[in-house]
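Shared between the two complexes below is subunit A, which has subunit B as its partner in the first and subunit C in the second.
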Partner chain A sequence: MLEQIKQQFQDATDLFTDTLDNGYWHMEIAYFPALCDEHIKDGLLVPFSYRFDPDEFRRMLHANPKFAKTDKPEGWASLLLKGFVLIRIGDDCYSFKSDRTLVTEPDTTQVEASLEGPQSAFTESLDLNLYLLRFRYNVPTLTVEPFEKGNFSNTAIQVVYDRKLVNRDVLELLYKQMEKVDLDLLLSSGQLVKSLTDKSHRFFPTLLQTERPDRVASMLRKGKIAILINGSRLAILLPVRLYDFMNAMDDYYDSFWISRLLATMRYIAVFLTLVLPAAYIAIVSYNPEIFRVQLAFTIDGSRAGVPYPSFIEVFIMLFMIEALIEASIRLPRFVGSTATTVGGLILGQAAQQAGLVSSIMIIVTSVVAISNFVIPNSAFSQSIRVLKYLFLIISMIYGISGVAVLFFAMIVYLCSLRSFGEPYFAFFTPHQRDLASQAPGKR
Partner chain B sequence: MKGPRTFLLIILISLLCTLTGCGFKDIDKRFFVVAMGIDQGSKINTYRVTLRLAIPSSKIESGEAKTEVETFEAPSIAEAVRHLKALVDKELDFGHCRVILFGKPLMEEGVDSALQWLSRRRDIAMVTFLGMAEPNAHIVLKLHPQSERYPGNALFLSFGSEGTESSFTLTEYLFDWARRQKETGKDAYLPIIRRDTDNNSYRLDRVAFLDKKKLRLCLDPAETQLFNISAKHFNKSFMGISYQGTRIVLGLTQVKSRMSISKDSVPVVNYFIRATGFLEQSPRNLLEENPSKIEKMLETELNSQLQDLMYKIRNAGVDPYGFGLHYLAQYFGRAKEWEHWKQVYPAVTFRVQSRIVIDKSGLIK
Partner chain C sequence: MARYYYYHVIYVGMINIMLFVPWILEQHRFNGAVSAMVIAIVFGTVLAYVTTSLFLRFPGMGLADILNNLLPRGIAVTLNLIGAFIWLTAGILVIYAYSATIQQFFNPDMNPYLFLLLMTLAGVWGASRCTRTVQFAQEILLLISAPLIIMILFKAIFSPWLDWDAIRVAAGYIRTPPSFVSFCAATFIFAGYNTLAIYNRLLPSGTKIRFRWITPLFCTFFLLVSFFIPIGFHGTVEVGEFLYLWSVTADSMILEYGFVYRVLYLFLLLYTALSLMFAMNTWHTAMEFIKACHPKHKPQPEQFPVPSSNWWITLVFAGLTFGYAIWTNEQRNQWVNENWLIARTVTDVLTPVILGLLILMGVRKKKSASSVKS
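Up next is the complex of A and B:
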């Protein structure tokens, strides 16, 4: 066995191979010390040094589920790389699971914070993630199917669903797409999302990524499918609707009226961040009669010193705010607050006083930025961020009617989108009880 | 496959770029017309167009609003407006023109061509207020009220229900006026706007009636209010009568009316009006005596006043109430019925039956 392994890992100096001898019999052993944890001592080395009868040792191997018989030499390399210890006693080869797990505690939510909901988030360890999920969705029908993707990374993936509720058509479609996935390195859930969607140039995300186990649990209850990826903090959910992206977990936990109010506010915010800069250009430069008279005169007065046409003014301010957002993500935390201070206070105020932009534009810009952050999902928020510019360009050329037509076109586009065969823009989905009975070919 | 598609896309996009909206012009390059006046020119068949233009400022303070008044005479309104563009430095924008005034001399001549221009321009909003200026529009537009916060706001506020709501002020919109000008059996009215005697505000307490062509009748303020109550159901108005040496004032809160016209050879118009209100001013303990007696007194007063007003309007040959339209609607009227109505209208009789309910006494301490 050792010869074969050494052949495969020729220059891997961190591979440990040896033939151990306890005075009565021999055992060949091979493992990566970096990938294995301390369990190897208690589970393997200590018993080996005290069991002088090979049969007694073999009984222990059969009794412990961590040991498995592995007679096929072609599987050895991948087992070693996954943190297994390979041993050979006589003619039989065994693997001992002793992979090191660094993460032992759930993460705290970082992107999808919640006020009253649970604070634990998925981690980069698949096992812990599965624990977090099983702990919340505690039924025997929860099915976990393992996959492995990435030619070089061999990343473990688990497809999780409730087999009573899941839509079989969607599942078939997912398997078909999974077969097509051809990646060298699968490092993040985002890569899988990209390769799972047919057309990568979509304006809106059709797969939902989340770090919250409670969100995944609630979606599993709705018959959706979750994909967990080893080494990624985010789980992928499918099929999803636009509504799911706009839904914060707090909506489940808050009282009826406040959650409805907040949800409505969120949709208004999306509308504002999408349309407001475009509407500013269209109204200021094409149809000032839409404003009330007072506002028209105030904007007129404040724009009097601005040397450039309205769209350049908008681009200046939007560039500034986008740069500010980008900078505060990339910068280390300590410097981050400096960036916001410099950007927000000094640039905003100074730009207006210098006569580069009107004071109304400052308000428009801040409304756009703040409203954009209201969107609970970052992927969706980014797609809205991009789409805003399309509205801007159209409003530059066609004015308010262009904005209206583009908004209509966007609705049409949303209606045409499908997330794994399910309509993306559907407001109402069949009720849960119906969904379970509808699922064709239920097991 | 990919080549032709991109090619097609490029063509489509370049085609799109040739289409543009309705003219890119920044707000600070526009001159907002806040009010427009149309007068008779000094020569025959000319119009004198006066525009009140807003000079915007970011600071808003009472009396600080600046406006510029430009005026020009031309054979038609359209030409005058086009020529006025040569007198200003920015593009004229009628989008915020909320008030259009016609001079009284012009009204006496007829305003048919003015209406044409107003309704054909797309940038003149149909919710623009119309009024008749006395003695002419130019003089009224020149006035600069002290209370004006931003250009033209005193004018907007006096007309609409946004600011003051007076029962003496009638509001007429362009769309309603255009409809009334076209409608068979219903005639237009215009509020009359004058300078106040102190030259610091506008005075809108009278109304002018027109037939399809020109000015026919002007009412005094009391009649104007009566018309406002009965025809427009304006419910923030009042009625006053003398009672035992004191004055009783009834503030109206709700007015309803309906009419029916008999189909006799000379039709009789029965006009029913029901008004609810509370006592704004009355002697003490008045209601304890006999409220229905006061109601009766108010009713007879209203009946006679309203009948007088209707006869006055009838005698002037106008029909702002729309009796003719109602007649045609009630009896499936066609051209023959309309001819008949036109003949007998100067002779129709009016019977007004009113019902007045004193709802509340007002707060009593």
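Up next is the complex of A and C:
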């Protein structure tokens, strides 16, 4: 056995291989110390060395579920890489599961904070994630199917769903799509999302990534499918709708009217962040007569000192705010607050006093930024961030009517999207006649 | 999913403004518009009821599919092409009318073809989607825009500047013999049920369309409003002077509170959505009619991504729109509009007649088949 393994791992100096001899038996052993944890000592080395009893040891090999017989040499390499210990006693080879898990406690939520909901989030360990999920969705029908993806990373993936509630057609589509996934390194859930969606999905995410086990549990209850990836803090949910992206977990926990109010506010915020800068350009440069005279004068008065057309002003300010958002994500937390203070407060104020931008524009910019942060899902908020520029460009050419036309086009686009064959944006649709159930070959 | 049916009924009821229906009615306000409207209300309601019931006898089939299945190929293709032409023209007329309105009221110094380009592109984009997508978009856009439009209509009704005496005077011409053109124009408001020609594909078998009183109620409301409100604002004589009648009427109102002062702008922005919806729908229907002429065509209301033939057909429609815009002027446009409304009424009557005959033939065949068996 050792010869074969050494051949496969020729230059891997961190592989430990040896033949142990306790005076009675010989045991060939091979493992990566870096991948294995302390269990190897109590589980294997102690019973073999100074507590050795041939009968007991044999019984342990057969009865302990951590030991498995592995006679096929082609599986050895991958087992070793997964943190198993390979041993050979006599003619039989066994693997001993002793993989190291660094994470033993659930994370706290970082991206999707909740006021009253549970604070635990998924971790980078698959086993712990499954615990978090099973603990919340505690029924025997919860099905877990393992996969492995990534030619070089061999990342473990688990597809989780409720056997009774899941839409079989969606599941079929998912498997089909999973077969097509061809990645070298699967390091993050985002990569899987990208390769699971077709090329034709561009502007909006059609798969939801979440770090909250409670969200996954509540979606499983609706018959959706979750994908957990080893080494990624985020689970993928599908099929999803636009509402799922606009839904914070607090909506489940708050009282009815509060959650409705907040949800409505979120949609208004999305509308504002999309349209407001474009409307500013359109109204200042094209149709100032739309607003009542007083307001038009106020806007124009505040722009009196600004020496260039409105769209340049908008682009300057939007560039500033985008740079600020980007900086505050990348910077360490301690510096981050300084950056926002300098950038947001001081620069904004100074730019306005210097007459480079109008004070109305400062308001517009901050509304745009704040409204964008209201969106609970970061992937969705990014798409809105990008889409805003399309609105800007069209308002530069066509004014406010162009904005209205583009809004129409956007709604049509949203309605035309399908998330694994199910409609992405529509009011209470029946489940029949979905793409998935209609023609499994086409998507 | 009967609610989708009513979305069509309601937005067709509201889009009449862009097809110059009020203008045509006002032209005949002293010689037959009012009586024609009364007849149209009855006629439109009956026609809506009959056509809808007939379509429900063919669950899951569009008009094109019914014709293809039950008629000889030559006749079916001819009828499909006629249908496509009628629907296509409707979209072109509305897009042209709306671009012209925007040109007049919003961006007077813009090249008119530039805005027409935007509108046709949006129309192509919407129409080339699959049927189900169009239906979803329809619902959401209507739910966004319709409440505001109806609010404007009610604002007009309760406006203190509305002169009810003028309306009473105009209504007094009810005894004049009805005029045919205004009858055709008025029936258009009830024509929403026609969209079943394609959207019937999405209605599962066993669908019952309940609450049919919605059709006469809403459509009569829209008809009366779009005829009488302009009279109330402009007076019985002056009202005949305006071509873009409802834009001017909307401009007679102001919003007391809020950023926008003149109702006109709100009105026009809302009608952007409505016009594009109408163009999307009509062009989509025309496209489906044309696709149904292909011998191997199979109706697929749900497709993603859409086949490239959708794009090509709708792009041809866009080209035709430009051709029409170059050829036409205001007189020609009025002429085309009137004739389109008349042609539409004829095909509207034809549709239930054909469907009824097909059903009768089917029944007779079944009877003869069963009598042979026994």
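Convention: the second predicted complex is superposed on the first by the 419 of 443 C-alpha atoms of A that agree within 3 Å, B and C clash if a C-alpha of one lies under 4 Å from a C-alpha of the other, contacts with A are read in each partner's own complex, and residues count from 1 in each chain.
Just so it is clear, a contact is a pair of C-beta atoms (placed from the backbone, for glycine too) under 8 Å apart; a residue touches a chain by one contact, two chains touch by 3 or more.
No experiment lies behind these values; they were computed from the predicted model shown.
**Q** Which partner chains sit in contact with A:Pro423 here, subunit B, subunit C, both or neither? Use first/second/both/neither.
**A** second
**Q** Pick one for A:Ala409: touches subunit B only (first), subunit C only (second), both, or neither.
**A** second
**Q** Report the partner of subunit A that touches more of its residues: subunit B or subunit C.
**A** After superposing on chain A, more of subunit A is contacted by C.
**Q** With the two structures laid over each other on chain A, which partner does A:Thr13 touch: subunit B (first), subunit C (second), both, or neither?
**A** Neither: A:Thr13 stays clear of subunit B and subunit C.
**Q** Tell me the contact category for A:Val293 with respect to subunit B and subunit C: first, second, both or neither.
**A** The answer is both, since A:Val293 touches subunit B and subunit C.
**Q** Examine A:Ser285 and indicate which partner it touches, taking first as subunit B and second as subunit C; both and neither are also allowed.
**A** Only subunit B is touched by A:Ser285; subunit C is not.
**Q** May I ask you to decide whether A:Ser401 touches subunit B, subunit C, both, or neither, giving the answer as first, second, both or neither?
**A** both
**Q** Please work out whether A:Arg303 is in contact with subunit B alone, subunit C alone, both, or neither, and reply first, second, both or neither.
**A** first
**Q** Determine where on subunit A the residues touched by subunit B overlap those touched by subunit C, and list them.
**A** Correct list for subunit A: 286-287, 289, 293, 397-402.
**Q** Inside the complex, what are the residues of subunit B that reach subunit A?
**A** Where subunit B meets subunit A, its residues are 16-17, 19-28, 30, 32, 34, 54, 56-60, 93, 95-96, 98, 123, 125, 150-153, 156.
**Q** Quick one: which bits of subunit A touch subunit B in the complex? Just the residue numbers, please.
**A** That would be residues 282, 284-289, 293-294, 296-304, 306, 309-310, 359, 396-402 of subunit A.
**Q** Quick check on the complex: what are the subunit C residues that touch subunit A?
**A** Subunit C residues touching subunit A: 1, 102, 106-107, 110, 114-115, 118-119, 122, 125-126, 129-130, 132-134, 136-137, 139-141, 143, 202, 204, 259-262, 265, 268-269, 272-273, 276-277, 280, 301-306.
**Q** Once bound in the complex, which stretches of subunit A touch subunit C?
**A** 198, 200, 286-287, 289-293, 295, 394, 397-402, 404-409, 411-413, 415-418, 421, 423, 425-427, 429-430, 432-435, 438, 442-443
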